Every structure is written in C-alpha cells, then in structure tokens.
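Consider the two complexes below, in which chain A is the common component and chain B and chain C are the respective partners.
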Partner chain A sequence: MKSAVAALLSKELALELRTRESVPAMVMFSITTYVLFHFGLDRDTIDGDLASGVLWVTLLFAAMLGINRLFVAEHEQGGFDGFLLAPVDRTAMFVAKAIALFAFLCAVELVAVPAFALLLLGPPLGQALPGLIVVLLAANAGVAVVGTLVAALAIQTRARELMVALLALPLLVPVVLGAARATAPLLHQGGAAALPVDWLGLLALYDLLFALIAYAIFDFLLED
Partner chain B sequence: MLTTAFALVFFYAPVDADQGIIQKIFYVHVPLAIVALCGFVAGAVFGLMHLRTRDRRWDMRSYVTIHLSIVLAVGVLITGSIWARASWGQWFVWDEPMLVVFLIVFLLYATYQPLRFSIEDPEKQARYASVFAVTAGAFVPLCFGAVRMAQNLTHPQAGTMTTSGPASVSQTFLISLIGMALLFVTLCKYEMASKNATFKLRSLRRRLAGDDDDFAPAPRSAAPQL
Partner chain C sequence: MPDATDPAVSLRGVGRRYGERVVLRDVTLDLAAGQTLVIFGPNGAGKTTLVRMLATLLRAHAGEVRVLGSALPDEGYAVRGRIGFLGHEPLLYRELSGRENLRFHARLHRVAQAAGRVEAVLEAVGMQGRAADPVAELSRGMVQRLAVARAVLHEPELLLLDEPLANLDPAAVALLGPLIGAGGGRTRVLTSHDPAAGLAEADLVLGLKGGRARLLAPAAEVSTDQVAELYA
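This part shows the complex of A and B:
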C-alpha cells in the first residue's frame, strides 16, 4: 500500500511539474479574483470578517479548478484500467490523489496568500501568519479529501464540471464556514486576536469524518 | 393517524400565548423536518447496504427514501418560512444556523437527481448514487451536531417547546410526529410498489415483443432500473 501510494504520488507530482496544468491556473485564477473583488467591493484594503471571507471564497473556487482537473488524465488516457490491473489496494489511488491535491492547494496558497496580503489586506500579515497556517492546513485537508471523492464521483458523469461544482460546494460549506470564522479574528485591523479553538475543532472533526468515509467507500467508485 | 393528529392540533393543543394560531404550524413543520432528515439518513443506510450486497433492491429503497425526503424538505422550507414570516417578520433569517444548515442539506440533496440522470450505465448509476447517499447521509448529522454545539436562541427547539408546555402540547406533537413518519413509510411503500409494477410490466412487454424490433426502449430517467 505504501509503495503504491508513493508511486502514484510521484507520478502525480511529475505530471504536474511537466505539464504545469492545474497549479498555475489556480494561482492566476485567485489573483484575478482578488482584482475582481477590489472592483466589486470598491475597497482598497479590507480586514476582519470581510478579508477572511474574500480569502476563503477565492481559495475555494480556485480549489474547484484543481478538483475538476484531478482525474481527467486518468479518465481520458485509460489510467483507471491500468491501475485496476495492478495488484494493489484501490484505496491507494484515493490516498495518493488526496495528498497530491493537498500539495497543489498548499503550493497555490504559497503564492495566493502573500498576493492577497499585498493586494487587498489592510493589517500586516506577519502577526496572523502562524495561526493562518494552522487554519490553512486544516482546511486544505478537508478540501483535498472531499474534493478527491467528488472528483472521482463526477468523472464518469456526462456534465463533469457541472456536477463537481454542484456536489462539492454544499459539501464544503462547513469548511468555508469554519475556516472563515477561525481566520476572521486573525485579520482584525487592531492586530491579530487569538485563534478560536472551537472553529478549528469543527474543521478537524470534518476532516476526520470525511477522511474515514472516503477511505471506506472509495473502492466502489473505481470498479468496472 | 395524521387526520387524528391534525384534529388534535386544532382542537386539543392550546394556542400559544404570544404567537397565536400561527404556532400551530409547529405541529407540521417540526415533524416534517425530523422525518425528512431521518429519511436522508435512512437513504444513506440503504445505500451502504447496496454497496455491501450489490442488490439492486437496496438501491431502489435508497432512491425512494431520498426522493421522498427531498419532497418533504421542500415542505419544511415552505412551512418554515411561513412560520418565520409570521413570528419573526422575515421569510428567511441568515443568522439562524438551523435554517441555513437545512438549506445547505437541501441544496446538497437537490443534486442527487441530476447526478443519477447524468450517468448512463445503470449499474454504475446505482453504485455512484449509493456512494453519494452515504457521503451526504454522514454530512447531515455532522452539520446538525455542529449546529447544536453553537446554538442560537431564536429558533425554538422541539425539546424545550414540548417539555416546558402543558402535556397536551407534547402529546399532540408526538402524535403528529408518528403520523408523519407513518405517512412517509406509506408513501415509500406506494412508490416502491408502483416502480416494481412498472418494471414487471416492461419486462412482460419485452417478452411479448420477443425479437421484434418495434419494442420501444425505456425512456431515460433518474430512477433506478430493476
């Protein structure tokens, strides 16, 4: 299982490094969205609740792009068949894809969060950074798990992009809610307040629950 | 049973002191909501059974329960907003977690039918729909657990409302709840029977038509095929 996951993961990362398909598009999308928010809200700087809302909605929609692309190569080039022929546990595919999506999201945020601080955020990012990193990691885990499950579910349907958005957005509402509420006090104008533990707890519970469910039922999505 | 419940609602239960007659909608709204949510969870259990046993009948049960729960959920949203309009003065209140969560759950389940419809292969359709049912079914208790954790006080809780009032309130509420659950089960049985009859009819027709080319294939639908 471990070696299968490692092999699949290295394949994912090599593919992304060579084609550069998802991550740059997601980064460009988030930066463009910040510009749109600047004009849409007609504000030069934002802070507090508004800032965390803008940040999380942007990151979520950027993540949707990555989720859409996640299984496309497998589906179009027959990678599923090759994987099913290999004598490995099918859950390895899920674990590898989820880790890859998690890595993509982290890579996107490495650029998108500083860009957000540069373009829109009023208070300095420095103080909020340690708390923000914790929230980002917890939320990325949730998005990666649910996103992988939804991507695998939607890849066989006819209207793939539509189904991904329709399925993933309601399922990810708790992630956005928890992450935005947890981030809001970090971005206040007067300086960062303490990280709210209860919202972080909600995120952790969500991650755990959906990781278990996805681990249990992912097998059924790959059979043919 | 439901008729008895409604008779009790109008003649037996006391009129709420500060909300008046509109409070009676409580006896429809809350049982509807509870039954719809239980229906979603039951759909998840049936979906899990389908994944374990590969029996198409479990998929049919899962489909029927979720389908009817969506219908009930529409009823919940409508009665809820009528009640909210009357007692809080607004159709929809955003800072009320219970409403928002119910809306999210409803939106999530509203994608169940398009999902089924957009998968062509019936076996794959059944399997994917079951996976969706399990995931969404786990999502329902998680959300409502989170809501209980951070409870706002505007939305009346079924528990506090029934225990703090006179006994006639809790009795009427209980009877409406049981009546609604029985209605749900009956509707499920009806839909299942009608689906089974349709499939039997179709297979008989197919046998009758034999090798003739004039047999029309079944129209594509979101419903599972047996």
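This part shows the complex of A and C:
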C-alpha cells in the first residue's frame, strides 16, 4: 500500500501546486476572518479562552474549504475510476488524501497563526508556540481524518458543499472543543500555562477512533 | 481456481439497474481468450454499463460475471491489474501533463521499469512531442491518444474499449492499431456504432437493445443489415 499512497500523495501535492485551489483560499479566508474579528470585537487584543475560540473556529471554517475541494478532481476528471482500476488497496486513497489535507492545514497555519498573533493576540506567541504546535498537529490529524471521510461521502451527492458542512461541523465539534480547551491556557495574558494533557488526550483518542472508523468503511464509500 | 480453458469473459444471466430503471437484463455469453467481442446497440442500450461491469467499476445486480477466471465483484482485486479500460472519459488529470499522468498510473499499476515503459507508450501513440504539456491544453484527439496509452501502459490481458476511436483522425486510428487492434493477441471487448468496421474486428457479436441481448452470434454469421436493425 505504501507505493500507492506515495503515488497518490505526490499527485495530490502536484495538483495543488499547479492549481493553487485549496491552500491560498484557506489562507485568505483565515486572514480575512481575523481582520473581521479584529474590528467586529472592537478590541485591539484578545487572550485566553476567547483567543483560543477565535483561533480554532476560524481554522475550522478555513479547513471546510479544503475539505470541500478534496475529491473534486477525482470526481470531475475520472480519478476515482482510474484509481479503482488499479490493483491497489482502496484505503490507500483515504490515507493519501488525509495526509494531503493534513499538509494543507499545516501550510495554512504557517501563515494563519502568525497573522492571528499579529492582528488579535495579546500575549506574545513565542512562549505558547511549542505547546500550540502540539495541539495544532493533533487537531490537524483529527480534521484530516474526519474531513477526508466526510468529503468522500459528500462528493457522491449533488449538494456537496451543503453535505460537507452538515456532516463535518457536528463531527468536528469534539476536535475543536479539545483543541480550544487545550490551547486556552497557552494564550493567557499572564504567560503560557502548562499544556492540558487531558484535552490533548481527548483529541488523540478522537483522532484514533475516526482513523479506525475510516479504515473500516472507506472501501464501501468507493463501492458502486 | 481459474482454469486455462476458462473463457476470458463469462456472463450468466447478468442484469443491472439504476434505481428502478433496468438497463441490462439476462445477458449470457462466453468469450474465449484472445478473441474479440464487439457490442453494438443504440444509445442507452446498456453497452457502457456492461463494459464498466467487466472493468470491475460496476457490480451486476443479477447473474454471474467472471473475468479472466475470477468472479466479480468478490475477486475483482485479482483481475484489476490485468484489465485495460478505455471509457468515455480519459481518466487523466487535466492540470498534469500526459507524462505525469502516465507515470502516476504506472506507479499505481506497479509497472516494472516505469519510466522506460511510459516513454515507449508515449512514442507509440505519437505524443512524445507534447508529453510535457498539461492535458488541459491538448486537443480531444490527443487526449484520446493519451487515454489509449494509459489503458495499455500495464500490458493488460483483457482490453475493454468503449468507442475507442472516438475523436481520432484516420492517421491516429492507424497509429493506435498496433496497441488496441486485433493483432495484439489480447482478448478484447469493444463497443461500436459502425457495423462494417465493428464486424471486421469481431469474433463474437453482441447486439443490445433496451438492455436485452437481441443478437449474439459469431461475427462470420452476422451481416451488417442485422446490426443496422438494432438501430432501427
């Protein structure tokens, strides 16, 4: 399965580099939303729970754009058939897509998190950064796994965008909740507190649970 | 366990529906290895559905389908790499070049010495000069040539060709003959709307109309008039 995942992943990254359909849109959305929060909240800076909530809700909605586009090329350009005709494990497509989405989210956050710190965050980002990176990686894994599963389901329907929103947002509540609660202590005005391990554990557990569900059912999503 | 004397394609009472609409019903035939089955029939007769079923892309809702000795869909994994499929869509990513697309498919099919094989098929379809261009910038005929290259890239035993010569000029048709024509010794299933050309290619003829087999006979026993009647 490794070689199929590698082939699919390199194709996925090549397509994104050519078309630039997902990551730039997600970055623009994030920055625009932070600007809107900056003026909408009528506050120069935010910290703690509010900062954490603003950061994660924005990243979640930015992720929705990427989730919506994830299987479009497969659907519109025969990629599903091309893949299904090959003698490879069908789960390879799930793994490659999830890794690609994870990479897209990381790329977005490389710009979006500094933009958030610049536009909204009160306390300096530096002290919180090591812990925040851990939370970002754990949450990205959850969004990637759930998002890939939902995108594969939704692409078969006529109302793709609507289905993604209807399915992904409720399923991602535990991810955003865990990520926001784990991030909040890191963004306190008085200085970053320790990373809450229990919320991080919840995130990791949810990631694992959905990875197992996806592994079990992804084959059936590609079935006729 | 597949037997050497098994037919390459065997259908027993095969049917398929989309929702409530039955598009294929009770099709039964055997196609020996190395032979060519040509399927005729008007639009909506069930030709594409049948070909996609043989390609493991659709499952039968009735009857039994065996391809290269394996029962579908349960044993689909065993035959996928041995089938070359050319459908209505080229199955190529528009933003990637022809060469990138073929290398991608070569990796999926675990083609040995993939780079060399990709260049060989590009040369065979006369596309080496435009192999670096994105597929989106190519004409429909060129895309069809690349689609043929994709279908034969992994040297399949069974070729499933759904109107393979669509969009091709006579020079391209002549160029692709050695790759998908009868001379290759492969088992082939192809659809056609051209009675004379189709009969010239066929060992066995299947005529579909309204999802039913109206004509099933060795090509030598079928006239162009009989084929034309399917379209009446």
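Here are some notes:
Heads up, the rule we're going with is that the second predicted complex is superposed on the first by the 224 of 224 C-alpha atoms of A that agree within 3 Å, B and C clash if a C-alpha of one lies under 4 Å from a C-alpha of the other, contacts with A are read in each partner's own complex, and residues count from 1 in each chain.
Keep this in mind: a residue touches a chain if its C-beta (ideal position, glycine included) is under 8 Å from a C-beta of that chain, and two chains touch if they have at least 3 such contacts.
Since this is a predicted model, take the numbers as computed values, not measurements.
By the document's definition of touching, of the two partners only chain C reaches A:14; chain B does not. Legend: residue contacts after superposition of the two complexes on their common chain; A:161 is shown touching neither chain B nor chain C. Once the two complexes are laid over each other on the shared chain, residue contacts for A:198 go to chain B alone; chain C is not touched. Contact with chain C, but none with chain B, is seen for A:77 once the two complexes are overlaid on the shared chain. Residue contacts after overlaying the shared chain place A:221 against chain B, while chain C stays out of touching range.
Touched by chain B in one complex and by chain C in the other are residues 223 of chain A.
Against chain B, the residues of chain A that register as touching in their complex are 149, 153, 156-159, 162-163, 166-167, 170-171, 173-174, 198, 202, 205-206, 209-210, 213-214, 217, 220-221, 223. Residues of chain B touching chain A in their complex: 51, 104-105, 107-108, 111, 114-115, 118-120, 124, 127-128, 130-132, 134-136, 138-139, 142-143, 146, 149-150. On the chain C side of its complex with chain A, the touching residues are 55-59, 73, 77, 80-81, 83, 85, 87, 89-96, 100, 104-105, 107-110, 134, 150. Residue ranges of chain A in contact with chain C, taken from their complex: 3-4, 6-8, 10-11, 14-15, 18-19, 73, 77-79, 81-88, 223-224.
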